Every structure is written in structure tokens, then in C-alpha cells.
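Which chain is which? They are A, B and C, in the order written, and residues in each are numbered from 1.
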Amino acid sequence: MKITPATSQRLVVAVLWLIAAITLFILLFIIAYIFVHGLGNVTCSFILESPRRMGRQGGILPMIVGTVYVAALAVLIAAPVGVLTTIFLTEYTREGKLTSFIRFGADCLAGIPSIIFGLFGFVFFVIVLGMGFSIISGALTLALMVLPTIIRTSEEAIRAVPQAYREVSYGLGSTQWQMVTRVVLKSALPGICTGIVLSIGRCVSETAAVMLTAGSALRMPCSPFESSRTLSLHFYILAREGISMENAYATASLLILAILGINVIAYLLMRRFVAKVT
Amino acid sequence: MKQDKIIHAALTLIALSAISGLALIAIFVFKEGLPIILRVGAKDFFLSGQWYPREGKFGILPMIVGSLAVTAGAIIIGGVLGLGCAVVLTQFAPRRLVVVLKPAIELLAGIPSVVYGFIGVVVLVPIIRQHLGGPGLSILTASIVLGIMILPTVTSISVDVIRSVPRSYREGSIALGATGWQTTHMVILKAAKPGIAAAFILGMGRAIGETMAVIMVAGNAMELPHSILDPVRTLTSNIALEMGYAAGDHRQALFATGVTLFVIIMVLNTIALTMSRRSAGKGG
Amino acid sequence: MQNNANNVHSDKQMLQNSSGIIERDIFPSADSQKIVVDKFSAYYGQKEILKKIELSIFSGERLAIIGPANSGKSTFLRSLNRLNDLNHQFSYTGRITFDGKDIYDENVDVPSLRRRIGMVYALPVPLPCSIYDNVAYGPSVSGIKSRRRLDELVELGLKKAFLWDEVRDRLNQPAMNLSGGQQQRMCLARVLALDPEVLLLDEPCSGLDPISTAKIEDALLELKSRYAIVLVTNNTKQAARASDRTAFFLMGQLIEAGRTDELFTKPTDKRTEDYITGHFG
């Protein structure tokens, strides 16, 4: 039986739709599975209490605080450094071998597994610099981890700003810094913010790197020099050690809610970016 | 202008710090890991299956095989699904589906790896154990989980690549009477081949670097596998599992494992970069 | 009459430069030399784009620069406000003075120079913000912070560009929403808000319809009493009707410059004549 192009088209399209359906199904399944088992346990007391008995009972407030602390600190460090570095690379240096090399380096580091960052952070921040297992160790490690991504997304956003705008700015008598802040950064801001928001998401989901640097203390952190446990690490420990499946599911539900929220914000920012550019 | 000079100097300082910070990581990892590879001997380190830290034996062959096996499986599953989604998104999907599918894939990318691993453990492992045999924690399980995890990477890069194929290719093909699928696979995918290869390679890079999910579903047995239903340990799992209590030579050996990962990923990245350059050069 | 003849004669002497290209009689109402280009050559890397240009620009005149594509007209213009500095491969020899001072001297405050020598480009490039913010951009980067003063300058600029009446009620709307002709007039207003002394226009009407073109040419006529205007154009008819003096560039060289009516009726160089009559370019 000869397969006509029309038939093979129909076949392939069917397969492709199947693939799309499978993908959607997987996503929905994961979210539904976690929510069904865990959302019910996400009560006010769960969010606001501290854990008791190693997490078997009680809530996860310290973990929420710890996660926010680590992620916020990491992004507060990485975002300005990353954006300013990108500005330096794109506006203040000439395109050449050095900048290509730096870009290649940043691309490579963006792909390096988080465990290696964790390894580095463990030996360098925790041990050599003597910061111990602490939020600051974790934040510095995560900052290094997301820095290449922020540099990459910022560079894309800044390169999308038409060269003509820069010329117009100069032609009207601006200095380079004025041109950068009032024209380039203003135009590139949605794209840059998308990159930053996605980095926040990465920090929140990260486990391997924080495991080895921020530690896994259960108590509420009062200073960045204390150890703390993030939500994803808590979830991992609860699940793997079999401490409390209920709480594990609940923690995971919160995690997914946070990721959902972050993704929505990134999506809205991205839409503004596209609208501005087109 | 004095103010400009100050700003220039400040930016240079910041940029140099950032770049040296990142370079420091590479240098540090290599500095800690390279000596032990040389001491143990490259052949013994990479090709021996004997990992007995207490006796000073560091052979990472089972982990290399584990990582490669799991990655290969992941790219088959993730590559097919990812490329399929990319083709659907760019060629066949009506607008309403795109609005749903694209954010869905981005969401998949954001789900923490520990959640993937967990679902793998509670859902996949029992199924595989029941219907296919073996302990359930296996190369196959890890491949499936990793495949889903790298799907968004493959899809997003492939979408960019396919979108950069000039519209005239598509229009020309349709004008000649080809069907949608014929156009897709004979014209567009062919033109995008290097870029899609780059997408696959970057997906592989991501799979090889994954740690938490793999720890939860791959079994972590320190043995060479004989079938896809056997448990394995990957390079990344090894580091994560032993880092907490390793000291001295043992710790350095873990860094050496890190060096191995680093080099593999840099090679993959370079290949991907050259391929996507070729695609860009051809495209115009 | 007698006085005029004397003036013309001495102007002629002043202008006869060493390479023998005589700049023909100056339009009598021009008073001072604003910009003097002295044996200026421009290079992009190794390529010589401008070859030893010698030309003066007087305040109160409209100078048209004509010539076929790639004659270096735009490069010449961009050398006058140092916009070529943005190109890393740009280098030059010779001198350009503005009010007697060398503009390429290292102590020159380049942003300030560019405010005094303003430029309008071929394609209108509105910045991605409101009309008000566009026109106020120049003054505000120069340090003017008072909202009232900025309001005044915006109104002034738009009025001088003959755009005020059309946009006075929608200053806060995005500049991108304007039509092509309006955008170009806004770009003119942007420059005028800075009250420059010299206006450089690089084929400003190339993308515009005849009505918008006419509006801009009218604006230039009004403006010439205050500013020196240099207008690069590919359209010889526009040069003929909208300028007092014309300079003809060919392959990086200044072939001939003089009063527009004389250049177009009795050009001295054969190449000028060929170009004007349409034998090439």
C-alpha cells in the first residue's frame, strides 16, 4: 500500500498532536498530583508555624523565610552586577575577541550543573572563607549561578534596542551614560526584568547548590550568617527520609504555587517587552 | 568628561569582578580536581570501575557510563517530544493552542527538579517495577524523568531556530504544491538541522548536569549496568551524595568528577555553538 | 550697488583657498563664517571617504550639498558634529573649526558641540516615548530640570517646526503614532528645542510625501535667518529651490561650490554640469 503525501501528512499531524497532548498531560498530571495530595494541607497554620519533630508536625515558616532570604539576597547581588557588566560589555567595549570569549564563557557557565556551583560554594564560601553553612554562603553561590543567565538575557534585551536610538541620543547632545540610562536601559527594561524574574525562579527551585552551602537548619534564621533550609530542600528531606508525606506534598504544593506566580509575572513582562519591540 | 571617566572606571571594575568571580569557579574546580587525576593516573581514573575512597581507589567508569546512558535515554525521549512540540508550535498549531502550549512548556521548565524526582519515585518507579521488572529505580526511569525535564530546553531552542528559517522557504514550498508536513520535513527542518542539532546537544548538556531528580530515581548503584532496567549512579549524584562527608583525597576526587563534568559540558557547548553558527551562516 | 560689489569682491578673496577652487560669490546677506572646513580628509579604516575638503559655512545661509550616492555627503555632515566618532574605524586629517575653534581638539565638550550643531536624519527616528519627552530630551540631558522651562522649549521647538498646532493636544501620546511627515517635523523640533546655531539635515525629505516635504522646506526658509543650514539632498530640484548656495560632491571630493542660481545655470566644472543635467547619478 503506497502512502500518499496526504496520508503521511495526516499521520504525522496525528503523531504531533499526540506529542503535544502528552506534554500538556504531563504538566497537568504533575501539578494535579501534587495539589491533590498536598493543597489541602496548606493551611494558614502550616504557612505560619515552625516545624516540630523534625518536620513531622507543625509548619514551614522558617523554610519560607529562608527561601525568600536566600533567593532575594542572591538576586539583589546578581542583578545589578549582571546588568552593569552587560552594559559594560555591550556599550563600553568594542566587539572583538575578548568580548566573544567572555560571552562564550558566560554561555558555558550558564550550562554548568548546579552541583558544581554547590561544590565550589561549599569549599570556597563555607570552608575557605569561613562563612559556614549560612544564608550568605547560599546566596553568594546562587548569585554566581544565575549571573551568567542574567548577563545573557540582559545582553539580548540591550542588543534589541535599535542602534538608531543611540545615534539620536548622541546627536541631541547626551553623554554616553545618559544615553545608556535614558534610552537603552529604558527600552530594554522589560526584557532585563524577565531574565531577573526567571533567575528568581531558578533560585527558588534550586536544591543541590543550597544543600551544600546554606545547610539545612530547621530554625527560623535571624541573620544571614545563620544556616537555613529552603523549601525545596525541605521537601527533598521530608520525602527521601520518609518523615512526613503529608507535609512533603504540602511543601511541594507551595513550591509549585510560587513557581506558578513567578512564571506568570515573567510572562506578563515578556509580553510588554514584545509589544515594545514590535 | 570627568563624570564619564568615573562611570567608565566603575563599570570596568564591576565587570572585571563579575568575570573574575565566574572564572574563579572554573579555576578553582580545576585546581582542586586536576592534581588527583594526575596522581591516580588518567587511565585509572576514567576507565577503572573501582571507587573505594577509603582505600584510595578512584575509578569513575561506572558513573561515566551511568551519566551517558541516562543522558542518551533522556535525549531520545526529550528530543522527540521537544522537537515534536516545537514543530507543532511553529507549523501546525492554531493560535489558541499556542497560547496554551507555550506557557505550559515554560512552566514545565520551572518545576523544581526535586518535584520531578519525587513524582518519578511515587508514580513511575512502581509502574516500571511492576510491568517491566527490576528494582524500578533504573536507567529507564531516569531517562523518562530527565527527558521530560529537558523537553522545554529542546523546544525553546528549536522554536527559535525554526522561526529563523526564512519565510520564503515555506512559501516557496507550498507554492509548489507540497503539503504542510512535506514542507516541514523536506524544507524547513532540513534548513534548521544544524540549529536543531545544537538544541539537542544543549539538552544533553542539561541532562548530564541534572542532580536531584537523578538521585531520586536512578538507583545510585555503583556498578556497570547491563540493561536499561538496572540502577546506575551518575557523575552528578556521586558528588552530591558523598560531598557532605568527603575529606582530603576523597573530596579532591569529587572535584575531579566535577572537572570531568565541566569538560564534557564545555565540549558539548562548543559543538552546539559551532553548529548554530553554521545554521546562521546558511540561513541568510 | 557699489557697496555690494566691494563686499562680494573681498568675500571672494577671503574664500580663494590654496588649491585654487574658488568659491563663487557669496549671497550678500551672509555675515560670518560659522564653520570652516580646512583640507579635511576622512577615512573609514584604510578607505579614504573624503578628500581634502575645503568649504565654509556661513550663518544665515542655506547650503545644499548634492552629489551621487557614496560621494561622502553624509560622512561630511557627520564630521561636522563629530557623529563619526561613534565609528571606531573613523580617522581624519585636516581641521574643522566652529566659531574659530577646532572641533576635534581633545578639550572640546562633544555633547555641547552637538547641541550647537544639531542634526536631522533621513529616516525619522522617534524615541520610544511621548512627543513631549522626545522634544524635551535634548534640553533635559543638557541639564534643564525645571518643568516650566522644558514646557516652553518644547512649545518653541514644535512651533518652529510648524508642528505645534497639530500636536498641542496630544503631547503625551507616543511619538510612534504620528505620521511619517509629522515624525520628521518632530525630529526637527527635537533639534530646534536646543536652539542650535547650525542645522545639519541629511536627506530629511527622502521618505516623505510632497506636502510634508514642502512643509519642511518652508520651515527651513523661516529658520535660516537664525541658523546656518546645511542640507544634504539627492534631489537636485530640491537643492535648486530650497538653498542659497550649493556644493557638489563627487567621490569624496568637493568639485564646486557657489550660489545656487549660478551653479545650476552656469556650472564651471563639466562634472557638475553632467550631474545636474542628469547624465549620471
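By definition in this document, a residue touches a chain if its C-beta (ideal position, glycine included) is under 8 Å from a C-beta of that chain, and two chains touch if they have at least 3 such contacts.
Bear in mind that the values here come from a model prediction, so they are computed numbers and not experimental data.
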Chains touching both subunit B and subunit C: A
Chain closest to the assembly centre - both centres taken as Cα means: A
Maximum centroid distance from subunit A, chain identifier (CA atoms): C
Top chain pair, ranked by number of contacting C-beta pairs: A-B
Whole-Å separation of chain centres (CA-atom averages), subunit B against subunit C: 57
CA centroid of subunit A to CA centroid of subunit B, Å: 17
Subunit A-subunit C separation of Cα centroids, rounded to whole Å: 51
Junction residues of subunit C - those touching two or more other chains: 111
Per-residue overlap in subunit A, given as positions that touch at least 2 other chains: 175
Per-residue overlap in subunit B, given as positions that touch at least 2 other chains: 1
Contacting residues of subunit A [partner subunit C, same complex]: 94, 162, 164-175, 178, 182-183, 186-187, 276
In the complex with subunit A, residue positions of subunit B that touch it: 1, 3-4, 7-8, 11-12, 14-15, 17-19, 21-26, 28-29, 32, 80-81, 84-85, 87-88, 92-93, 97, 100-101, 103-108, 110-119, 121, 123, 148, 151, 178-182, 185, 202, 205-206, 208-212, 216, 236, 239-240, 243-244, 251, 254-255, 258, 261-262, 265-266, 268-269, 273
Subunit C to subunit A touching residues, read off their complex: 81, 83, 86, 88, 111-115, 118-119, 121, 123, 125, 127-129, 137-138, 141-142, 187, 190-191, 194
Touch list for subunit A against partner subunit B, complex: 5-6, 8-9, 12-13, 15-17, 19-20, 22-24, 26-27, 30, 33-34, 81-82, 84-85, 87-89, 92, 102, 104-109, 111-120, 122-124, 144, 147-148, 151, 175-177, 198, 201, 204-208, 211-212, 232-233, 235-236, 239-240, 248, 252, 255-256, 259-260, 262-263, 266-267
